[in-house]
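Read from first to last, the chains carry the letters A, B, C, D, E and F; within each, the first residue is number 1.
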Amino acid sequence: MSVTQTAKKISAMEIRGALDIAIAATEALERELKGLKGTTNSQIKQLKKAGTTLKKARPSAISLPNAVNYVIHIAEENRDLIDKEFRRKTREDVREFIREQKESLHKIAEYGANLIEGGDTLLTHCNSDTVVEVFKKAQEDGKRIEVLCTETRPRHQGYLSAKALSKAKIPTKLIVDSAVHYAMKEYNVDKVFVGADTVFSNGYVINKIGTSQVALCAKHMEVDFIVATETIKFSPESVHGKTVEIEMRDPGEVTKLSGVEILNPAFDVTEAEYVDSIVTEKGVIHPSAVYQLIKEEFGWMFTEND
Amino acid sequence: MSVTQTAKKISAMEIRGALDIAIAATEALERELKGLKGTTNSQIKQLKKAGTTLKKARPSAISLPNAVNYVIHIAEENRDLIDKEFRRKTREDVREFIREQKESLHKIAEYGANLIEGGDTLLTHCNSDTVVEVFKKAQEDGKRIEVLCTETRPRHQGYLSAKALSKAKIPTKLIVDSAVHYAMKEYNVDKVFVGADTVFSNGYVINKIGTSQVALCAKHMEVDFIVATETIKFSPESVHGKTVEIEMRDPGEVTKLSGVEILNPAFDVTEAEYVDSIVTEKGVIHPSAVYQLIKEEFGWMFTEND
Amino acid sequence: MSVTQTAKKISAMEIRGALDIAIAATEALERELKGLKGTTNSQIKQLKKAGTTLKKARPSAISLPNAVNYVIHIAEENRDLIDKEFRRKTREDVREFIREQKESLHKIAEYGANLIEGGDTLLTHCNSDTVVEVFKKAQEDGKRIEVLCTETRPRHQGYLSAKALSKAKIPTKLIVDSAVHYAMKEYNVDKVFVGADTVFSNGYVINKIGTSQVALCAKHMEVDFIVATETIKFSPESVHGKTVEIEMRDPGEVTKLSGVEILNPAFDVTEAEYVDSIVTEKGVIHPSAVYQLIKEEFGWMFTEND
Amino acid sequence: MSVTQTAKKISAMEIRGALDIAIAATEALERELKGLKGTTNSQIKQLKKAGTTLKKARPSAISLPNAVNYVIHIAEENRDLIDKEFRRKTREDVREFIREQKESLHKIAEYGANLIEGGDTLLTHCNSDTVVEVFKKAQEDGKRIEVLCTETRPRHQGYLSAKALSKAKIPTKLIVDSAVHYAMKEYNVDKVFVGADTVFSNGYVINKIGTSQVALCAKHMEVDFIVATETIKFSPESVHGKTVEIEMRDPGEVTKLSGVEILNPAFDVTEAEYVDSIVTEKGVIHPSAVYQLIKEEFGWMFTEND
Amino acid sequence: MSVTQTAKKISAMEIRGALDIAIAATEALERELKGLKGTTNSQIKQLKKAGTTLKKARPSAISLPNAVNYVIHIAEENRDLIDKEFRRKTREDVREFIREQKESLHKIAEYGANLIEGGDTLLTHCNSDTVVEVFKKAQEDGKRIEVLCTETRPRHQGYLSAKALSKAKIPTKLIVDSAVHYAMKEYNVDKVFVGADTVFSNGYVINKIGTSQVALCAKHMEVDFIVATETIKFSPESVHGKTVEIEMRDPGEVTKLSGVEILNPAFDVTEAEYVDSIVTEKGVIHPSAVYQLIKEEFGWMFTEND
Amino acid sequence: MSVTQTAKKISAMEIRGALDIAIAATEALERELKGLKGTTNSQIKQLKKAGTTLKKARPSAISLPNAVNYVIHIAEENRDLIDKEFRRKTREDVREFIREQKESLHKIAEYGANLIEGGDTLLTHCNSDTVVEVFKKAQEDGKRIEVLCTETRPRHQGYLSAKALSKAKIPTKLIVDSAVHYAMKEYNVDKVFVGADTVFSNGYVINKIGTSQVALCAKHMEVDFIVATETIKFSPESVHGKTVEIEMRDPGEVTKLSGVEILNPAFDVTEAEYVDSIVTEKGVIHPSAVYQLIKEEFGWMFTEND
C-alpha cells in the first residue's frame, strides 16, 4: 500500500485508532524508503514530502505527526550513510520502532492489570482498546473483576466496550452517562480506567466528552482515576504551549430540535490533579511526569527544531 | 370524575406531575365530600377510604399522600361540626387548599425569577415545569437569559425543556449529559435550576438521575445550584428517617446488549451541601431549613399520629 | 432515693450516661415534690435548691441541668395552683416528661434504623448506647448489616460497642483508631453513626476525641456521617455563645513516659459541615436545624431568664 | 428632630451605621406619632407617609425599611384602639422596640465574646462596630486576645478598627488585604469575625468587598468564620428571592489611570457554606437558620402583605 | 562597567528585575575575563572572587547567584585550556549563555501566548514583565483578550501592569486586591498569569504577597493558574531543603498608626497544588517537574559541590 | 558474618530498619565476593544465588531486593574483568555504594532540617529513625522546635519516637492516634514529618497504618506534610504497576474479643496529592518526581531486564 493509499484510508477512517494510524503511517514510510533514490539529502527530502502527505490525512490525531516525525528523525540520524546503506539502516531502525509500538499495547495491558486487585469493581467511559486490554489481562491473571461501562452519548461507544468485555466473559454492566456518580457510590467502584486522545506536557488529558466529569466524581469519592495510553499520544508541541481546539461535531449526532442549538463537543480536558496515574508502555507515572517522558521520547524534536 | 376514575387516571399516568396529581386527588375528595352521609365520624371514615384508594394509585409520588393526608386532616379539624355544616366547612377549607396549590407554581416562578440576573447563563437538567416557569418569568421580567438543557438520557426529557423554552423565545442550547462540566466552563454558566422529586428533612434532594453529578460540577466551579419545588414534595416521613428506594426502571429504556446487564436507576440523591437554595412557594430557603418547613406545613401529621 | 443520694451516685458515676442521669435527676425531683410544704413560691424555692444540689453533681453533663431546669420550668408554669394541687399537677407533668425521655431512645433507634439499608457496612467510634440501639433495631427490622468499631484509645470504649453488637449477633469487626481511613476504603463503609456529648446551636457536635477525624474521612469519601442523640444533650446556653472547655483527662490513662508530656483530651469538635444528619427523638434533622429544636424544646429558658 | 430632618441627616450620612439609622428612624416616627390626629385609619396613613419619606433617605440600607415597616406593623396591630389611646399604646410599643434595638449590640458583644477563648488570635476585615464591641467584651472578660486588621482598600476602614482596638488596649496588627492568607498561616489565626451589610434567607452574607475571599481562606485552614450582626440587617424580601445589586462605587476612590477602567465594587457575597456561625441578639445560629429568624422577626410582613 | 560598578548598581536597585540582574552580572564577569592573567587556576580564583562581590550585591535575588555560579561552572569546564585560549573559549561560552537568557523572555511570551485562547478574560497580580509580554504576544497573535489587574498594595505595582497593557491597546481593568474573588465570578476570568520571585524544587512558588490568595480563588472556581518565569529563578539550593525567609518590608510603606503594629510581608508561598502550569523558556511544565528542570539546568552544581 | 547468617538475622528481625537491612545485605555480599572463584560468569552466578538467599529473608522490605539487585548490577557492569580484578573492582564499587547508603541518613537529616523553621511545632506518626534525625539536626542547628508524637497503636512505636526526642532534649508531647486533628488545631502544628515503607512511581507512599489519615488532616488545615525517606525504599517494580498487598498482622496485637473479628492492617496508602515534599538523600522533591528518581537510581533494572 502506497503512502497515498495509506493517507486515503486514514482520511476515510478505514484505518482508525491512534496506534493503528501510527503503525500504518510508519509502515507506509518504511515501504516508501525501499524505492528512494539519489543523494541521502534528496532521499530525506522525498521522505519528508511523503510524511507531509500522511500528516494531512487526519490533522487531529496526534499519533500521526508523532510517528511521521519520528521516522524522519531516524532518517536524519542516519544522514552520514549513503545510498543503499542509508536505506537499509533507516528501514531497520524504522522496523524496530514499529515493533516497539506494536508491543506497547501489550505492555500497558500488563502494567495496568498489575494495578488491579482481585475483587475490584472498575468503571470505564467511552471505548478505549487499551483499557479493554488492561481489563482482559487482569481477568487472564485470574483476578475476579466487574466492569461498569457508560453508554457515552452521542455515539454510544460504551456499547462497544461493554460488548468486548462481555465477550471476554468479564461481568459487565452498562449505565447512562448521568448515572456515574450514583453508580460509583452504589456499586463501590474501586478504580476508573480511561484512555486518552492527547496528553499535554503539564499533565492535562484530552479525552472523550464526559471524562472530566467522571474524574471529578472519582476524586470526590477517593476512587483511583487511571489513564491508560501509549506515549505516542503525548503532545510534544504542548511543551511550547500549543493547546488543542475542542472539536464541535455534527449536532445531528445528538438530535434535531427546531429552534434549539445543539452543541456537540467531542472532547473535554481533565486536569492533572484529577489523574492518579498514567499507565504507558514506559511505566506507571504521575501525570506531572509527562513533561519528562516527552523529553525522553521526543527530545530530538526540540534540539533539531531549535 | 369520581375518586375511582381519578385514581385510574393517576395510575395510568394520564394525570402526571406532582402538582397536578395533588390537585386532582384533592378535587376528587372535595367532590366525594358532597355526597357523604351519616355521622361526622362515619363521613370521615368514608373520606379516609377514598383517600386510601387514591394513595394506592401511584405510591411513589410523594405529593399524593401529602395532599390526601391534608384533606383528611382538614376533615378531622372540623370534627365538631355535623352533617351538612361539616361538609360545607370542610369543602370550603379543601377548596382554599386547592387554590393555594394552584398558586404555588406562580409564586415559585416569581421568587425564582428574582434570583436570576439579566445576562445570566442558566443550565437545567431533565424537565421540570416549575423550572421552565421560573425561566419564563425571568424572561417576562425583561431579563436577557440563555439556557442550556441536558438531553437527560434515557428518556430525553431535556428535549421537552428545550422545546418549551425555545417556544417562549428564550435562546436555548442542548447538550449531552456528559458535557455538563465542559459547558459550565466554556459557556460560563451562572446558575443551575432543577426541580425535585422528593425533598428530605435533612435537606437531601431526590431528583432525576444525573442531578447529583450536575450539583458536584456546580459546586466545583462556584456555580449556584438552586432547586425549585413546591413544599407538597417535601417528605414528612423523612422526619422519621424514612428514605426512598431508588427505582430501577426498565433496562430496555436504555438499550439492549446481549450478555450485558443494563442498570437504569431513575433518580439519585443530591446532598444538602451541594444545594445553595430551595425556592418554594413559602420562600427561598437554605436546604437545611426543610425540617422547619415540614414542621410548619405538615406538623399536624406528627401530633395526630403520635 | 433522696436528692442528696441521687446527687452522690451521679457524682460517683454510679449513675452514668446522659439519659440515665437526666432521668435519675428528674425522678429525684419528682419524689422531692411529694414532701414539699408551704406556699407555692416557697415550694418552688425548695425545688430550685434541690435542683442546684443535683446540677453540681456532674457539671460537665449537659443533660443534667437541662433536665433540672425543665422540672423547675414545669413548676413555674403551675405557679397559679396551690398546695396539694400544685404538687399533684407538677408531679404529673414531670412524670410525663420522664416518660418522654424514656421513650426517646426507642424513637431514635427507630428513626436511625430507617436510615440504614440492607447490606450496609457501618462504622462507629467510641461507645454510644443510642448508636448500638440503632444498629440492633436495623438488625431486628431484618436488614443484613455489618459494623466496624474503632477501639477508641485510651479507654477502649470501642470494645464495649463491639461486644454489645456481637452479642446481638451482628457481624462485628474491630480496628485501631488509625485504621479508619483505610477501612472506609477497603471495606466500602456506607454510613458512620456516632453519639454526641453536647450539640451546639450552630450545629457543632462535641463527642469523644477522634470523632472529628472520622467525620473528615467520611466527608472525603462521600460516606454519610450521622449523629444519633437525644435533644436533652443540646446546649441551650450555646445560643448565647457558651462553648465547652475540652476536658484534659489524666495522662496516666494513655501511658507514662519520663520526660514526655502526655496530652489526653477527652473530646473534640465536629463542625456542622461534616454532619449529614442528626437523628433525635424529634426526627431526623440537618445539623443546622439544631437552633430551631433548641428553641422548640428549651425556648422557655430564654423568655424566663431574660 | 422631625421626620424630614431625620431623613435628611440619614441621606447626608450624618446618621450612619445600620443600627443608628434604624433607631433614628424609629425615634422620628415615635415623635411623629405624638402629633397625629384624626381617625386611627387616617393616623396610620399619615404614619405610612412619614415612613415612606424615611425609607427613601437611603434605599440601600436594609435596616431602614425593616425598622419603618416594623413601626407601621405595630400601629396596625393597635388598629382597634382609637385616638389618644391608639397613640399612647403604639408609642409605648415603639419605645419597647427601640429599647430592644439599643440592647442588641450589647447582647451580640456578650454572645460573640463567649465564642472567644483566652489566647485567641483573631482577624477582622473592614470596620464593624459590632465586631469591635465583641472584641472589647472578650478583653473585659479577662481573655488575652490579639487582633489582625486588614486595611480594607479602597477606603481603609480597617484603620478605624485598628485604632479603636488599640485604644481599648488590645494588641493590634494591621496588614494589607493581600496578606490575609499569609497571616492566617504565619500567625495561627483562630477565628475571623466580620460584620454584615445584609443577610439573605438562604444564609448568604453581603459584606464589604473582600469578605468572601477572607472566608475562602478561613475555610481552607479550618479557621472559624463568624458573622456578627443584628437581625435588623436580615432581608425579609430575600424570602421572595429579592437579591441585592452590588453597588459599583466611584472609581476615583481607588485611583485614576488613563486608559484603564477602574472597577470599585463595594460589596461581595459570602455563601452560607463558608460561614460557621452568625451571632445575633437572638443567639448564635448556623447561617441556614436565617430563614427561621426572618420568619420569627419579620413574619408579619408576609401575612400582612399577602 | 566594572564588576564593582555593576555590583553597586545592583545594590542600589538601578539594575532591577531578576533577568536584568542576571544578565548584568554575567556581562560584568565576561568583561572581567578579558583582563585576567596567570595560570588557569589563578584566573578561575579571580573570577570566583569577582563572583562573590556580585553575589553580595543583592542576596535575595536568586537569579544573581544562579548566573554567577553558571559562569564559574563554564570556566571550570574549560579548566584544561590555558591562558588566552581559556579566556577566549570561556568568554564565548558565557556570551552564548547571555544570548540564551536574552532570548528566554521571548520564548516564554510565545509559549504563554499559546495557552491563551481568543476571547479569554485574564487576571494578573502585581507587575511581571514576563506576564505583560505574554499578554502582548497573545494580542499580537490576533487574539482578543481582556485583562484585570489588581492594584497590589502596598506599592501599587499593579498600576504599572495596567499602564503597560493599556499602552499596548489591550482592554484593561483595575481592581483592589480584595475584589479578586468577586471579579473572577462576575467577569468570568478564564486564566490567571503571574510571575515568580523564586521557584522551589518541590514546585512551591514564591511571589508577591497576595499571590497565594489569588491562587486559592482560582482553584475554587476552576480557573487556570499559570506562572510565567525564567528558569534562572529556580532555586537549586531548594533541592537541599533551603527555604526563603519571607522579607518583612518597611511598615511605613503601608501606613502609620500609633499603637498599631504594621506587618508588611513582601512575598507569600503558593503551593504546587494550586499551580496548573509553569511556563518557562524550556517549555510548559507541571509545577512538580521543577525538580527535573533544576537537575537539567543546574545539575553541575550538585556534582561539583558533592 | 556469612550470607546465611545475615539472612537469618534479617529474618529474625535482629537486623531491622530498611537502611540497616540494605547495608547488612550489601556487606554480606561484599564479603561473599572475597571468596568467589571460577570464571566471571560463574562468580556472578554464585553472587546471584547468595542474593536470592538474602532476598528471601524478608520479602516485604523493599530495600532488601533493591540493595541486592544493585550489587548484582555492579557485578554485571564489571563483567569484562576477570578473576581477582573482577572481585577487586566489584568490591570497591560495592563499598562505595555502602558508603553512600550510610551517608544518606545524614544528608536527609540536613535537607529535612533546612525545611524546618525556628519556632515550628512538628508532628510525627509512628517511629522513623530518619525523621528523628531530621528533628535532632534542626535542634542542633539552633532552631527551637516542639514535637507531637502519636502513640501509634497497636504496637506503640510512637513511644520510641517520643523517648528518642525527649532524650535529645527536644520538648515532646504524646497523644493518642485519635487526637491528631484536635492537636493540629489546638497546638498550631506547622509541619508533619513521617517516614515511608515503600514509595511508588506515581508518588503514592506506603507507611504505617494511620499515615493517610494524618495526611488528610494536614491537607485540610494547610499543614505541610513531608515524607523523609532514602531512595532505597522507592519501588522500581511500581513502574510496571506492581503494588503492595497491605499486610494483615496478628489480631492479637490489638486485643482479643470473643465473637469479634479484629482487623490489624499494618500499613496504608497516602496518595501523592497529600504529600507536599519528599526529602531524600538526592534532594527535596515533589512526590510526582519519584518516577524520575527511580529512573535515575534504578534505570539499569529496566534496560537490563528488557
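By definition in this document, a contact is a pair of C-beta atoms (placed from the backbone, for glycine too) under 8 Å apart; a residue touches a chain by one contact, two chains touch by 3 or more.
Because the structure is predicted, anything quoted here is derived from the model rather than measured.
S.K.: Can you list every chain in contact with both chain A and chain E?
M.R.: B, F
S.K.: How would you label the chain B and chain C contact, same or different, if same means the shared numbers make up over half of all numbers there?
M.R.: Different, since most residue numbers here occur in only one copy.
S.K.: Using the stated contact rule, I'd like to know whether B-D or A-C comes out ahead in C-beta pair count.
M.R.: B-D
S.K.: Could you say what rotation angle superposes chain D on its sequence twin chain F, using C-alpha positions and rounding to the nearest 5°?
M.R.: 180
S.K.: Among the listed pairs D-F, E-F or A-B, choose the one whose interface is a repeat of A-E, with over half of the contact pairs the same by residue number.
M.R.: The chain pair with the recurring interface is E-F.
S.K.: Can you work out the whole-Å distance between the CA centroids of chain A and chain F?
M.R.: Distance between chain centres: 36 Å.
S.K.: Calculate how many whole Å lie between the centre of chain B and the centre of chain F, each centre taken as the average of the chain's C-alpha atoms.
M.R.: Each chain reduced to its C-alpha mean, chain B and chain F end up 58 Å apart.
S.K.: Once you find the CA centre of chain B and the CA centre of chain E, what distance in Å lies between them?
M.R.: One centre to the other, that is 57 Å.
S.K.: Centroid of chain D to centroid of chain E, CA atoms only: how many Å?
M.R.: 45
S.K.: Which parts of chain E, given as residue numbers and ranges, touch two or more other chains?
M.R.: Within chain E, residues 220, 273, 286-289, 292 contact more than one other chain.
S.K.: Graph shape for the chains shown, where an edge means the two chains touch. Line, ring, star, complete, or other?
M.R.: Here the contact pattern is something else, fitting no line, ring, star or complete shape.
S.K.: Kindly provide every pair of chains that touch.
M.R.: Chain-chain contacts present: A-B, A-C, A-E, A-F, B-C, B-D, B-E, C-D, C-F, D-E, D-F, E-F.
S.K.: If we count contacts the way the header does, which residues on chain A are in touch with chain E in the complex?
M.R.: Interface residues on chain A, with respect to chain E: 200-203, 238-243, 271-273, 286-292, 302.
S.K.: Quick check on the complex: what are the chain F residues that touch chain E?
M.R.: Residue positions touching the partner: 110-115, 117, 273, 276-277, 279, 283-289, 292.
S.K.: Okay, in this complex, where on chain E does chain B touch?
M.R.: Listed in rising order, the residues of chain E that touch chain B are 185, 188, 220-222.
S.K.: Quick check: in the complex, which residue numbers of chain D touch chain E?
M.R.: For this pair, the touching residues of chain D are 125, 148-154, 156, 159, 162-163, 166-167, 171-183, 186, 208-210, 212-213, 216-217, 220, 246, 254-255, 257-265, 268.
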